[in-house]
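Here it is, the structure in full.
Labels run A, B, C and D following the written order; every chain starts at residue 1.
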Amino acid sequence: MIIRIQCSDRVGLVAGVSDVLAKNGMNIESMREFVDREAGKFFLRVTADKEPASGKLFDQLSAVLPENASIDISRRTQEKKVVVLVTKEYHCLTDILTRNHFNTLGAKVQAVIGNHNVLRDICDRFNVPFIYVSHEEKNKEVFENELKTVLQSYSFDYIILAKFMRILSDEFVSGFFNRVINIHHSFLPAFVGASPYRQAFERGVKLIGATAHFVTNLLDEGPIIEQQIIRVNHTYTPRDMVVAGKEIETAVLAKALTLVFEDRVFVSNNKTVVFD
Amino acid sequence: MIIRIQCSDRVGLVAGVSDVLAKNGMNIESMREFVDREAGKFFLRVTADKEPASGKLFDQLSAVLPENASIDISRRTQEKKVVVLVTKEYHCLTDILTRNHFNTLGAKVQAVIGNHNVLRDICDRFNVPFIYVSHEEKNKEVFENELKTVLQSYSFDYIILAKFMRILSDEFVSGFFNRVINIHHSFLPAFVGASPYRQAFERGVKLIGATAHFVTNLLDEGPIIEQQIIRVNHTYTPRDMVVAGKEIETAVLAKALTLVFEDRVFVSNNKTVVFD
Amino acid sequence: MIIRIQCSDRVGLVAGVSDVLAKNGMNIESMREFVDREAGKFFLRVTADKEPASGKLFDQLSAVLPENASIDISRRTQEKKVVVLVTKEYHCLTDILTRNHFNTLGAKVQAVIGNHNVLRDICDRFNVPFIYVSHEEKNKEVFENELKTVLQSYSFDYIILAKFMRILSDEFVSGFFNRVINIHHSFLPAFVGASPYRQAFERGVKLIGATAHFVTNLLDEGPIIEQQIIRVNHTYTPRDMVVAGKEIETAVLAKALTLVFEDRVFVSNNKTVVFD
Amino acid sequence: MIIRIQCSDRVGLVAGVSDVLAKNGMNIESMREFVDREAGKFFLRVTADKEPASGKLFDQLSAVLPENASIDISRRTQEKKVVVLVTKEYHCLTDILTRNHFNTLGAKVQAVIGNHNVLRDICDRFNVPFIYVSHEEKNKEVFENELKTVLQSYSFDYIILAKFMRILSDEFVSGFFNRVINIHHSFLPAFVGASPYRQAFERGVKLIGATAHFVTNLLDEGPIIEQQIIRVNHTYTPRDMVVAGKEIETAVLAKALTLVFEDRVFVSNNKTVVFD
């Protein structure tokens, strides 16, 4: 079992939780705890070796925690479900599809939605449904309503923006709070906006990076899950930087998805707590 | 306060410990727990925000833990004391001396002992006692007895071998169990033994590393605390590799010492558990 | 054009080569040169912006170089051809197949040969021929002869061992000198041999790595092309190390293949010169 | 000898230069060449094994190069001279002083100038002159004139801003074109300006970095020499980020200085070409 708790801090929280687990005969295998002292918040992730003796674990935990406590209890075998949104670039999607195919993603891809029709073939090769929802000649509201209609036909935990190049409205995003994960083509907060690799080239940087983050109504400003960088040098053209960028984007998104799917990421105050 | 516990595993340990802390009015700021399931061992590191209400914290903790439990309670302000053993190379020693001088080492250097007399000057510059104990024309027993005599005149928690190029006997090492820290000039277990950089050059490796470890009676085989690497390439001569190696040796030893002095390292079964 | 030269060193080699290029109206875009002074060897890689004016570039270069000089001249558009040998593990193969599919491998996969029949499906999905050559109930000579028979039906520049778990004989390897590339599941020279991740777990290392190298008659001892590492810690089981190892193996092999396919790697004296 | 050439590009430059070297009996040990095709610029760094036969190397090289060519010829034994400007932070300065002391800096520190008087002691310990030039109760012009007066009493190649917290005027900087090196406390262009670690903390980044660059009249916008990063996480307070930042600042500045002092860095078009 994985038990995740997020609440306001006070003395005795760990004692209360661990006492409940012990009374259920559950042995704690690993425990990570963090108190954000500025914000007065408490975060706990516990893995335990067995199912609780009683069926009342949630209620028992609630009884020892503050009223506002967020409590998640999941079996490790519960696989997450995801829908992937893409545009034209294949690198992140293909990595997700192959991990999905070989059951190492930690989630099951329910469908891929593209606002262009170019990535259907690779989805077909892995027997994953591809739905084409064009944004052309539509205003954002109409486009997003069509997206939502497609999404409603699937059950899913997360939406992954795997190089989806449309900006989603606040209204759309707020409907999936902390459930939309994006890969951003730069080491945020550097080079926000368009053509980050051109910007990086012009600036002559020696490192380029990528950032996976939850999407909020603040463009490129949501809680960061993972960042990595690679070295570049003067011989890199903007095009070379794009190629190198794809490698790092793929790696960063893969790492972030693993962290999220293993229930290692908490969101609070536009930042993440990651028990990696 | 930092509380560290190491014992055999059983259900309810975290509950017991956190209950004791709560009853002492101590709020847990951070908690790291690990169970080595193969070995059946339990490791816990807790930081709490205040002193215990009662003066009986140790006894109270003992009462809820297995008999064999190792319990360490320390104030964060308790600075470790160390003695440094060196030969001729200055890079690790100088880094330690400067951190010591500016109070960022997390420990206080009581003395430096050299089996050559070449590093006295740099110690003098930082007003740290340097004691010359030559190994020449002595058998190991005589040499180590002289070392011990000098060591006995200081109070210390750890002995740091900062490029000390003599192999210490089992008998000597066992007198300071898990208290002797060495920096090894390779990415162990590669290139064990002499001239690792020459070996690395001959093999044409693309990375070289360094390893900080506790010293046991097994030469170069003690519990690893920290390892890092840096890239090298075909243009590196063996001499260039030595220069690069010094940078990485300095960085790895500094990192390992920080981890140890912050009470983040447990030793068990010839391996370490590091709550970093 | 990419021009690669490897020969014994003497004064005036660069002058001779660059004079020939200038007389052919070729502008040098990038030049990397290295002299291995211990071995007295000269290595040069030049990229030039156009085709030579005359059709006699090779002869003109030969005229200014020592007799033993190795001279390679290739158009950048000349794609390498490769055959991939596999056993059961999919991670390196799938990465190669997707890069091949999207034309970013820098080579074209002619066929995949497996000594087990488990990776046929993924090859089928990418329309790449898969040939099953079982090693069972055959001695090595018979098995390798069957491999050679299959190989002879393809034109290829390199053989890639993408987690091919059979040891090839000296005789086989020597038939493809410096043309067989292997990914080894450890940071060589550490943990040579079987179960490197189990070995790494037992030793409690803090980093694990992977090594891509040319295969020679010395098992795991051929010229190293690329090495990378990732951090691990006490929470990693041997199984977790295997999972982490697959990520690093995939990345290291991909990097090594890019270097080789871009003609950036020279082999000399059981080491590589890599102009990256 | 190290020969560095920077000029507009045309066919035959390498041929011309290498022919001159060959005629002087100089064997090329290593050669790095780069053409910036957008800017039409040519960069060359050659190391040769001996002194030229004639005393006219510079003139002979000029004869085969465009008129505007910048030609640097230096003996490897020619040590650079530097003056270091500091404020209160010791970490970069101490690293420079120890490398200077043990002759591994690749340059000799002529003097340290502080706008506060707090780092005199550490300079005294290494017998390096410290000059206190307060900025207080002076306008920038007066302060910088005092700096210049002190600087004029020393011969030096570079000014190193080792955590010098005053912004220098365009007029001052332009007097030392491409000779002033700064360490900036962030992964530029992220977190430009004050309190970058506080900004990084607020944003919840997973990496922090540092940037060494030449100082131009564009604040924090000069040519980047080197950048590196380290991982941070949710447990880092702003203060912890400052501590981690000091480690990376020290490492980045040390690396950048090595590159510059070994004549590996060219500046062009507000970017650097680094032959590392």
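Throughout what follows, contacts are C-beta pairs under 8 Å (C-beta built on N, C-alpha and C of every residue); 3 or more make two chains touch, one makes a residue touch a chain.
Since we're looking at a predicted model, the values are computed, not measured.
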Degree value of the rotation bringing subunit A onto subunit B, based on Cα positions, nearest 5: 180
Same-site or different-site touching of subunit A by its copy subunit C, using the half cut: same
Selected pair, greater C-beta contact count between B-C and B-D: B-C
Most distant chain from subunit B by Cα centroid: C
Chain centre separation in whole Å, for subunit D relative to subunit B (CA means): 35
Between subunit B and subunit C, centroid-to-centroid distance (C-alpha), Å: 40
Residues of subunit A whose C-beta touches two or more other chains: 30, 34, 235
Touching residues (chain side subunit B, partner subunit A) in the complex: 9-15, 18-19, 21-22, 25-35, 37
Contacting residues of subunit B [partner subunit D, same complex]: 30, 90-91, 94-95, 98, 101-102, 104, 122, 125-126, 235, 243, 251
Complex contact set, residues of subunit B against subunit C: 34, 36, 187-191, 203-207, 209, 223-229, 233-235, 270-274, 276
